[in-house]
Amino acid sequence: QTEIEFWHAMGGQLGETVDQMAANFNASQGDYVITPVFKGTYEETLTSAIAAFRAGEQPNIVQVFDAGAATVIGAQGATVPVEQLLSDNGVAFDREDYISGVRNFYADADGQMIGMPFNSSTPIMYYNADALEAAGVTAPATWEEFAETTAPALLEAGYIPLAQSHLPWIFTENFFSRHNLQFASNDNGYTGVDTEIMVNHPAIRAHFNALTEWQEAGYFEWYGTGWGDNQDPFEAGEVAMWLGSSGSFGGIADRVDFNFSAAMLPYWEAVTTEPTQTFIGGAALFAMSGFDAAENEATAAFFDYLASTDNQVFWHVATGYVPITTAAYEAAAEQGHYEEFPAAEVGVQQLQLPAGEFTRGYRMGFYVQIRDVMNREYGRILTGETSVEDAFETIEAEANELLARFAQTQG
Amino acid sequence: MAQVTLNQVRKIYPNGAEALEPSTFTIPDGELTVLVGPSGCGKSTLLRMVAGLEEITEGELSIGDRIVNDIDPANRNIAMVFQNYALYPHMSVAQNMGYGLKNRGMDKAQIAAKVREASEMLHLDEFLDRRPSQLSGGQRQRVAMGRAIVRDPDLFLFDEPLSNLDAKLRNQMRIEIRALQRRLGTTAMYVTHDQVEAMTMADRIIVLNAGTIEQIGTPNEIYEHPASTFVASFMGAPPMNLLRGDAKGGAVTLKGGQDVPHARADGHDGPIQVGIRPEDTWPDPAGDLAFDVDIIEELGAQRLLHGHVSGQAFSVAVPKDKEAGTGNMQLSVKPGAVHLFDADRGRRL
Amino acid sequence: MAQVTLNQVRKIYPNGAEALEPSTFTIPDGELTVLVGPSGCGKSTLLRMVAGLEEITEGELSIGDRIVNDIDPANRNIAMVFQNYALYPHMSVAQNMGYGLKNRGMDKAQIAAKVREASEMLHLDEFLDRRPSQLSGGQRQRVAMGRAIVRDPDLFLFDEPLSNLDAKLRNQMRIEIRALQRRLGTTAMYVTHDQVEAMTMADRIIVLNAGTIEQIGTPNEIYEHPASTFVASFMGAPPMNLLRGDAKGGAVTLKGGQDVPHARADGHDGPIQVGIRPEDTWPDPAGDLAFDVDIIEELGAQRLLHGHVSGQAFSVAVPKDKEAGTGNMQLSVKPGAVHLFDADRGRRL
Amino acid sequence: MKRAAFGHISFPILLLLPQLVIIAIFFYWPAGYALQSSFYLEDPFGFGSTFVGMDNYTRLASSSSYMDAAWFTLIFTSLVTFFALAIALLLAVKADKVIRGARTYRTLLMWVYAIAPPVAGLIGVMLFDQSRGNITQLLGMMGIEYRLGVNYWDTASAMITVSIWKQIPVNFIFFLSGLQAIPQSVREAAMIDNRSGTRRFWDITFPLLAPTGFFLLIINITYSLFDTFGIVDTIVKGQPGNNPMTLVYRVFVDGFRGQDLGGSSAQSVVLMVLVLILTIVQFRFLERRIHYT
Amino acid sequence: MAEISETQVAATAPTRPVKRIRWDTIGDHAVLIAGALLMLVPVYMVFATSSWDAITIHREGMQFGFGEDMGVNYNAALFEYGGFTDSVNGVTMLANSMILGLGFAIGKIIVGMMAAYAIVYFRLRFATLAFWMIFTTLLLPLEVRILPSYEVITAMNLGNTYTGLIVPLIASATATFFFRQYFRSVPEELIEAARIDGAGPVKFFIDILVPLSKTMIAAMFIIMFVFGWNQYLWPTLITTDESLFTLVRGIRQIIQSYADGSETPDYGQAAALAIIAMTPPVLIVVFFQNWFVKGLTESDK
């Protein structure tokens, strides 16, 4: 029997589900034994894995979140690309099996998958159906509709119309993908390390200017950088619409006592009339290098097992994360999952919207710090400490400086 | 005004040791009262209760007209010299002495003057800037003394304040303290083991023994009329000779057979104790008491003859210029200097 | 075997104070040497250097044949009683006393026996289980003593070991310590302020003054032939009277005019100091010295007459049975008891 | 060093050895490593690294957000150190003084220390939480709008409060044990010399407590500077955003979370140098005034 | 004389005055009670909260009153096996935390006392240097040097061992510094007496210094035990073996999702675990209370 280790960042019930899947895998065959180990937050997990790699103690599989992807993928030789791993070990693999939004995010410029998408999510708009009904509106498809129709009505009905969690993810990265705007040079960073961010775009500046106006008008409220702080008022029924992760579905379902549903992330008609798919969030699994063929074979077997339709459906249903393969999506639909929970389908659909030139993903080093810069500046915008224009200049400047530094580390 | 009154005051330590049996007495205002007694008899305990540092187990303690059982030490307006000095280790000598004054809001110049004055009296002027740890034992003790005397309290409490000084300095100190206390008219309680100190300084002496008060009186009363054999043998160096004897019709006969001159014990027939101080008797061929000298001890100014009278231990002090040898001799006894005590409890008859 | 030799030993404290000037002397094996001197003169410092607790600034110190300057105190095989007791606060009395024995690997039963023996001698048997904080000052001091005497060291060092005991107990202790030291034949150094202790216990006395050795000698030598006015006035209570005078052709005249009887200062013409002990002179209508008495002090066994001779302060000790009053009188002086010293340095002529 | 110190040579070295070996391996080695990597830009996996000289340092000097963090750290450290010490000292003095209930008070006051930091942090955020925080609600009733995570100073005050709260028991325990070691007789002498308990405290108790106080001062400064990062992290929920942050949290954010090894090493080195200067200053100027025996 | 006094006594039998109200004592208690409340109300709330279900807590925050899930939460916290290998439950995590707490506290105190002893009580030429070398370690918390430390531990093959968990944490000067401060204020006379009594360095240390430092050791022990007990980041980094998981890690795993809101963390169970995690340290505190008795260096009279 070959033993392999799998480090992840899934706490609470998610962790239990991971354990469950691992146990199932071990029970399903007799050749390989996988041991999942909880290593703290995403950041802690990644850092542990890096440290372990440097000490030659790395796990076979590590879970890496979106913002850390550039670091892992940049470090060629630290991981074995999944596609290669799978084909080396004779596992049938076809990129086309994967949902289009999922396929490219953890792939290289040529589309070769480096990381195995695992817990994938995407930002969607949850809404309080009772509230919308009371206000006599439906979920807005565009921001124009929101500003003109939805928000005034909801405000009138006594609700704070809109809140969101995670400005860098939802209102920046996915703003760019939803409108198919270029986010960074070098094909969003896929084709080189000397990348420059292109965040200071008029469209997004306009969006943030709109946000501040909405905030003043009472259409939008910002509760700080913390994810939950923005989600709580929605669950409490104070906020009518909330932008969050498709993976938030399970939690909301447990906790709210009103009818809720979800819609796709709105877009600006002024920017595009052909909105595109969004990026995936969440995390992927990477096979670390430095292991013998037998262990890599076990890793490949586990990945294969994970990607199987049954398991994807199980994971999707149990956690709210999107299924990563089309087959799994269809299977879930067949089971009637979406009839029961229409909101659970929104994320998958959004990820299957038409792709654009810049919707594959983005690859930028030191991206965790870049997000910190964004968060800082956005916070300052929304507390009136800076202007939108200044903020974006600062973000772009600081981000580019970080990118340049990252490029140097790769040299 | 600052008389100290104890009314059935008693002290039992948490471990059950009774350090002071219920005691009642008054220390008159303005007097200096010396406490004497063997080691461990309760002197420090008594002082510490007056100071408020030790809880009073039972009874009532007043200073002036106030019952102070529950009054904080700081509010009793006392000054105390501790047996172990208790100096503030982080303060210089001058600061140690001035601390009590500073707290009473005296201005700096005045404090400095007072400290200087006291330190001169105590020969500490060169050491004013030193820390206690850089002083000799006697110097520390003097600092402790200085800390008390710079103050102008209602009551002085001195716990063996001169024990670590040489005879000469001690002599000086004793006189100066006495003078100071008289001048200020401050009531004082003074613990000492030094008989000379006790005799010369005290207005009144309290003799303590194992937690009980044996006698209270002026030095003269204590010395000339000891209330018990304990007091008699405790006060006086060398101590009073105590001999067992019998009284019959007023006359007193020693156990070994001799009659005691100048002794009348009317109405106390039966066993008895006879006390004669070594300096109240002297070699005199015409004397009445046969004495058998074993050894002679030289003490400088005087000489002690140790031996037996009627087979019982007996000492005689003679001035060093008087010739003396061992062997048998006769002793004369000073009339009126024979003390009689009952045989079992040792109380004066 | 355990004689102590100092060869130009000197001590300067880090703050620059010279506590002992370079001194050379020997403490003979088996003898008990008493150190006396005013407070702060360097007695404890000397003892502590012998113990190895204080670094020797200069010179060489040997115990027995070993130069011990660099030997650890633990390896000097000494026992010491500290002036401030230095008891281990966390150990009971018995443990405090037994600790040194335990360190020498003695077995439990033997330690217990030794401790019991010592504690009986020191009247501490009831307190064996107590912590030092539950003892009176004198009891603590006795524990400190006990800690030393249970041991069987090469050298005893006692720093005012009896200062907090009452006269009676002190008397007993003194005799017992002396006997013990004799019996064991252990060399001992003993600091005391008590003249009686010094005179009765010492084989030899060292008189220290401000870091220098004034005189080394037997008690008798020190008392009868003080080497300096310092020694003369330091040893003896009340102290020797010192009068200024002039010598001329051997005869000595006091500054105020009177001639001094029995005094010959041949070859020392000029200013001179004359010493007469208070007990070496007595009221005698036929005496040669005119004395003017101001006050009389009662000390129990004797009486002190304080007054003036030729206008200079003078005291006379009389036995208490001698009548005495204030006013003018004549004094006789004991032949051979007049001490002469040079006028400026005070050295004996 | 004691006056009557032992003169041995090899024995004390033996005593020091475990400590020295441990710190050599687990402190000096990593610290040297931090120093070295502060001059490089390094790929976290160790594949590539570029020598950049003082770049990592000059970058900090010119970063306004770094300077903001430095300022905040100064304010934060001063307040936390001061209040954590002052409140603990007050409580310790009182607990030392009362006779009745002393044990109970001691136990209760030490108790909180037993709370695990993540739990303490969680208690903190939950109490101060924007929508369900009990303290937020209390303040709301008093008409104070309190918005943790949105308003800079609201967040700062929560960080400061929780940090103080968490540190009080430590200080309390050490102050209490320090108080116990003050000779009773000296306190008694002071009781006679001084009517005012407060003055007595400042004149006698406090100076004699100084060795413990000095220890605690340094420990508290290092606590506020370094050990509070867990609290900061919990309160900002891992996303500093526009909220205040301390310098060490930045080290953690950039290094442990962000894998910018060179940059965060430079920050560590700056911190170390700052604290080293601070402590040298304290030793030179404060310890002189401490009286040990 | 004594007789005379006795007659006086009979006249005025002492009547103890009614105890005065001691305002300062009341003040002292008021301060202590306020302090205890400040410290303890949050703890109480954790306890109350541990009796509720996750949803309620998530919606309403910390609770003052008691709910109905006390039994469920504590049972789950203590006895439900978690983790992948099902080898850990509250009880085993408790045991691991205990080993970490004890090992760390004892190790640190021993190492620290030894070093402080060497610095304070020996005439060592490089004592100051040694002190400074040790002292500077106060400056860099483990979190900042965690990655290199990890490399050392793995290089020494100490990953997944208690030694590897404990020893690097000891590499800081707190204990040494603290004992140095205390030793310096221990009266000089004690080492003098001990040396005269023939005690060498070892005996003095064991017989005199350690017993005298009891209070200080107790304080240090409480602090260090809890510090070790509560370690999180380091154990997470260096252990992968679930049987080495500690309570705090268990708590973290439960409340991990608090910040991102994707699911409802099991607050009740976390609170229960927090209470359980608090119990042994509190017991240690109660136990060492007895060491906090006054008067080791006291020498009154």
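Read from first to last, the chains carry the letters A, B, C, D and E; within each, the first residue is number 1.
Criterion: a contact is a pair of C-beta atoms (placed from the backbone, for glycine too) under 8 Å apart; a residue touches a chain by one contact, two chains touch by 3 or more.
Every value quoted in this text rests on a predicted model; they were computed, and no experiment measured them.
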Touching both subunit A and subunit C (chains): D, E
Relative to subunit B, chain with the most remote C-alpha centre: A
By count of C-beta pairs in contact, the leading pair of chains: D-E
Approximate Å spacing (C-alpha centroids) for the pair subunit A, subunit B: 93
Centre distance in Å when subunit B and subunit C are each reduced to the mean of their C-alpha atoms: 22
Euclidean distance of C-alpha centroids - subunit A vs subunit E, Å: 42
Centroid spacing, where centroids are CA-atom means, of subunit B and subunit D in whole angstrom: 57
In subunit C, residues with contacts to at least two other chains: 53, 72-73, 84, 133, 136-137
Per-residue multi-chain contacts in subunit A, two or more chains: 41, 44, 47, 54, 226-228, 232, 236
Multi-chain contact residues (two or more partners), subunit D: 3-4, 6-7, 129, 132, 183-185, 188, 237-238, 256, 293
Subunit C residues within the subunit B interface of the complex: 13, 15, 17, 36-40, 43-45, 83-84, 130, 134-139, 141-142, 159-160, 163-171, 193-196, 199-200, 219-220, 223, 233-239, 277-280, 297-302, 317, 319-321, 334
Contact footprint of subunit C on subunit E as seen in their complex: 187, 189-190, 192-200, 203, 207-208, 211-212, 214, 295-301
Contact set on subunit C toward subunit D in their complex: 53-54, 70, 72-73, 133
Residues of subunit B touching subunit D in the complex: 51-53, 72-76, 78-80, 82, 84, 86-90, 99-100, 103, 131, 133, 147
Complex interface listing, subunit A residues touching subunit E: 5, 7, 9, 11-16, 19, 22-23, 35-41, 44, 47-48, 51-52, 54-57, 59, 165, 226-228, 231-232, 235-236, 244-245, 247-248, 250-251, 254-255, 319-320
